[in-house]
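Letters A, B, C and D mark the chains in the order given here, with residues in each chain numbered from 1 onward.
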Amino acid sequence: MDQKKISTKQYFKTYLKKCVTGPWSLLCGLSVSLKYFFNPKKIVTEQYPENRKTLKMHERFRGRLSMVEDAEGNNRCTACGMCERSCPNGSINVQATKNIAGKKVLGRYVYHFASCTQCGLCVEACPFGAIEMAPEFEVATTDINSLEMILNKKEGQG
Amino acid sequence: MSMTQLPPGFKIIRDENSEAYSDEFFVNMGPQHPSTHGALRLAIRMDGETIVELVPHHGYIHRGMEKQAESMSYLQYIPMSDRQDYLTAIQNNLGVVLAYEKGMNVGVPLRQEYIRVMLQELGRIASHLVFFGCFGGDLGGQTCLLFGFKEREMIHDILEEVTGSRLTMNFFRPGGSRFDVPDTFIPRVKAFLEHLETTMKDYERFLSKNVIVRERSIGIGVLSKEDAIAYACSGPVARASGVNFDVRRNNPYSIYSQLEFDVPVTYNGDCYDRYNVRIAEIHESMRILRQCIDKFPAEGPWRSKEKPVKLNPGRYYSEIETAKGLYATYVVAAAGDKPYRIHTRGPSFPHIGVLNKMCQGLTVSDLVTIMATLDPVIPEIDR
Amino acid sequence: MFVPSITNPVGDFVREWVPKLAEYLPAAIQSDTLNNIVAFLINAVICVIAVCVVNIGSAPILIYMERKVCAHVQCRLGPMRLGWHGTIQTIADVLKMLFKEVYAPGGVDKFVYFLAPLIVLIAPFMVAALIPFGQNLVVADIDMGIPLIIAINGFGVLGILLGGWSSNNKYSLLGALRSGAQMISYEISFALVLLFVVMISGSTNLMTITQTQSGTVFDWMIFKVPVLGFIAFILFFISSTAEMNRAPFDIAEAEQELTGGYHTEYNGTPFAMFYLAEYIALVTNSSLAVTCFLGGFHAPCLGIAAIDGYLTMIPGVIWFFAKVFFMIWCYMMVRWTFVRPRVDQLMSFEWKFLLPLNLLMLVAGAAYVALVG
Amino acid sequence: MGIINFAPKILDPIPGGKYVVNAVDYVVNWARANSIWPLTYGTSCCAIEMMSSSMARYDIARFGSEVFRASPRQADLFILAGTITKRMAPAIQMLWEQMPGPKYVLAMGACTISGGPFIYDNYSVVRGAQNILPVDVFVPGCPPRPEALFHGLLTLREKILKETCRNPWQEGYPEDVSRVDRYREAAKAWAELEKIKDEEMAEAREKFKAENPDYKSTFKPVRVTKEAFPEVERPAAAELTAGELSQADIFGKIKAKFESATVDEAILATASSDSPAEITLDVKDYFAATEFVKNDPALKMDYLIDVTAIDYPDHFELITQLRSIELGHKVFFCVPLPKDESIPEEKRATSLLAKVPSITALYPAASIKEREVYDMFGIKFEGHDDLRRIFLDKDFVGFPLRKDFTNPEMIKRPV
């Protein structure tokens, strides 16, 4: 490091200035932390497991993928596979089957939660609004196989 | 030490017999180190506590995004951009989308432009608040870290309400965005700005004038204007060195040309200036946001006609100013719905390139200060 | 023979009862020497237990306090879920650490590696024995109190140096060397401030120092000598913070730079010892500050007839610990407010600012004693 | 680990010893489950959420876990926050080995559970932390909210409470799932099921058809109505500022100096400094042209935006993007580099196929960019003094951004 040459007078001037401004600046900082310490209203913590009941995600929150189902458990999926194609990393298997009339319907909607990035492109791509991102975030598990889910309860209609 | 004995990347050859020579040793900072801001390894050649030379080793978080982009559709690449610089995800989205819009030749209605600018500026404030926290935190004041993140949470609350996700927004689309903003957006931003105004005063009192911070950052890590340009620095790092360059003003995108804002520039190029530039930018962003709130069109379409995302063959380049600096996207479009190649120029990469030059002769503590003020995000470098 | 002067009622009680019990022994082995030795040993055991209880018992409380204080400065809540407001969180931490796997990393000097945390613990324990906690509550009321404290306090750095050196880690070594340089430098101003106190009070005995401060707040050392006392107190505060390696002078640990400094390679119980030593040192240094500057175990405002009765109702030890905890709170507020200076700045601060100021203080103190006192 | 595990052996035979063991067990487990100190480790996005969770809003301190240790030797929990790359994996394993037992691993986010967004067509990401470490708790999400991380912590707590010293914590083993392609497996399994079902149902379907010859489905899927939006024109390019040259002028200046410079006239007409036209140059003119635009007082291209390349079947194209900070215009050079045909077919994948002069002497910033191009495409930069791989290991085989790059670890994208 190259230090600039300064005169003794200048040195003492800056030295004395620092002696005054230094402690003052520290006191300013201390005053802020004291202000926060003695003001419990400033605390912003949300206590998660305790506030489970009141905790509500935003309407658009993207959690786990789920199927939109009516009261009888019927879904709207036509097994077109738009969601599957729009998924950036193959997290959705739309497994189509034929119903008794020979028409292509949804057999199983397999969702690999383990690799899902919750980007929401599938929901955007679905022309019938058959899937949505559920506001569900308590999803930790000790068993990775439980992250592979079948979303539909019933076979598709058709 | 002869050249052959030196680990890769080190260049300075010192004479063992000279007087200045003393026992040198090598220290690895990272890949898991609290102050390298991610998975970066810095191989440091030290003489006592003084850094003789430093070689950054990248690639610990190289995820091959550009390779993957070649087999993805254009739309599927947008979430990828979230994961590059995760602190300014919303801005990266826009960078990619602007390039797409050039390729698709679509425009954006006025309301959407305001949405874009407002989210951009919110993202910028959020990123700078993280910088404020990390700067204080890396200097040893843990409390700053929490202060910075406290206000950032509020921004992310707003962004979550708008986009649906806290960090990886995946929000903008060519010609518009995923959603319109909810009605609560403007009041919430307004309330947040009022809150931030008062809190920033506290925070600046807490850190800016602090004599220890000044001692540790003034004159440390000086980057001259010539070096800043030669090493392709951008954003606050370059502006602190006196490079008066901001894409928002020099090549305005969206509606930045219609808004009134200053580009803070300082001329010392040391750590304290970089800090000051960022703090000033928070205030400028707040100014832009206030203008946007006043002018925000209450009515009108929020996106243009939806089209399949398919670019005309050609090469498209877009650049935006993220909180870190110049973020450029280069798309090579071929026929079909997949890009031939997408390349991203992140602002942090050149900043790490100049690190060696800035640290020589300083100590490890200074390196931490410099790293904090460069504010790099490693996944954006490695992609 | 050195007879421990535990002057509290318990000590007298032991000295009284040992000869009485000794009468039941065969006459052949009865002697005053034996009685003295037995009484000494019993007293010593009591003293050791008392010191351990004060020190080790206060550490979890302090850790809890630190976590709460820092949480509230940072607008959060701190430990909340274990016990009422997380009160037993630190107990869980200590228990967990005790039952953690303990191993020495490859390439360390094992003997020194495991010796270091013990050495670090010794210094604060010994200092605690010299502090008068109450009118009669002092383990070793010796005349050379202050010099002994100065001597012992420097002992801790040895443990840190050994720990850092034996760990076979460059970060540890850097941390240890930093800490060595820092503590040796600040030792000087630490000693000089105590010397100022000695000069004003005219004794090196901590009990005597405390006794000279009885009276109102303005008889305390911090206000007794106008302005000078306060400056001395601030100087003591700074140099003791540096002595304890606490933030903002925690350059030896410097998590952001050295990932933990000298204790990077320690785990389980040895690490717990380093952790404990840090907080015990906090107690002893605060006690020292209280003894030297804040009137020790005396209640404030003694000598005003109206409230004297009420104040003396509260035992001295409670006053003492109230003051100690106030001091600790101050240390904590400082820790969670300021950022850490660089090593060379720390050194130049000591040698260019603190030391000249200390010397000036000594001169001024001498002048004060000569002119006023 | 430690003496506690021998307690049952010694104490159980003693009458009443069982109860002592149980009591100690309870206390120790309680302590372990409630005092979880995580390691400061994070690579990408999840790390920020992990940090957020320790900040004022969510405050991991309530669980007693705010003591983030920078040294693995003092940590109990390894929160794997962020993508694990093959280059990082050995470091992670080492960190894990340095932790004293009992130690736990929490995989946070899609990347660490399965590779997340980086499963397909990827050569550098470890597909799931299970490949390298035994993982105790999985927290899916990308990234998971801080609350989700807390839920993971609570799940881990449940798991720890189940351990006793008779059933102590044991070091688990990683399992190799790197080749698992869940999408294809699921599709394959379903195809087989479908085949069986088809055979079984064939008769019933015939019958149904015979019974209802003109069956029509009652199910009519309703399309989601989407708002109609007007088309919007793109705004015109910004006007030139003082000193700024138009793209045509820049090309004219370069063309005058270098014969080989060509440009697509159609693009040049509409090009602006926002979307510059690319000037194609010959390799031999590349360095001289860069030097010219840097030093010419009317151009002053002093700022290097980027150096990158594109791989075409028969040649590479090196793109050098320059701009002038002061004047505000840009120039993009496009240098076609023919691939070296003399290299035999089997060696082509691993050898450098083209070479180009380095511009590090003019732009120091080019140093790292050229290393990146070298690393990704295998283009040699002559005159570069430190041409090493930058993102990949030095013994990595192949150059990933070439179109014909193959890697045995790569799984092709299924859809």
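We take it that contacts are C-beta pairs under 8 Å (C-beta built on N, C-alpha and C of every residue); 3 or more make two chains touch, one makes a residue touch a chain.
Because the structure is predicted, anything quoted here is derived from the model rather than measured.
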item: Required steps from subunit B to subunit C (each step between touching chains, minimum); value: 1
item: Chain pair with the higher count of C-beta pairs in contact (A-C, A-B); value: A-B
item: Chain whose mean Cα position lies farthest from subunit D; value: C
item: Subunit A and subunit B, separation of their C-alpha mean positions in angstrom; value: 21
item: Centroid distance [mean C-alpha coordinates] between subunit C and subunit A, Å; value: 47
item: Separation of subunit C from subunit D, taking each centre as the mean of its C-alpha atoms, in whole Å; value: 51
item: Inter-centroid spacing, subunit D versus subunit B (mean Cα positions, whole Å); value: 18
item: Of all residues in subunit D, the ones touching two or more other chains; value: 55-57, 59, 62, 70, 117-118, 120, 142, 145, 413
item: Junction residues of subunit B, two or more chains touched; value: 33-34, 72, 79-80, 143, 146, 150, 153, 168, 206-207, 210, 212
item: Residue list for subunit A, restricted to those that touch at least two other chains; value: 26, 29, 32-33, 43-45, 47, 87-88, 117-119
item: Pairwise touch network: line, ring, star, complete, or other; value: complete
item: In the complex, subunit B residues that touch subunit C; value: 25, 27, 33-35, 49, 136-144, 146-147, 150, 206-207, 210, 212-213, 215-216, 363-366, 368
item: Touching residues on subunit B, where the partner in the complex is subunit A; value: 72-73, 75-76, 79-80, 143, 150, 153, 160-165, 168, 170, 178-179, 182, 202-203, 205-207, 209-212, 214, 361-362
item: List of subunit C residues in touch with subunit A within their complex; value: 69, 72-77, 80, 333-334, 336-338, 352-353
item: Subunit A residues touching subunit C - in the complex, by the definition given at the top; value: 15, 19, 26, 29-30, 32-34, 36-37, 40, 42-45, 47
item: Interface residues, subunit D side, partner subunit A - complex; value: 56-59, 62, 110, 113-120, 128, 130, 135-142, 144-148, 150-152, 154-155, 159, 181-183, 186-187, 190, 194, 197-198, 201, 204-205, 208-209, 212, 215, 217, 219, 221-224, 413-415
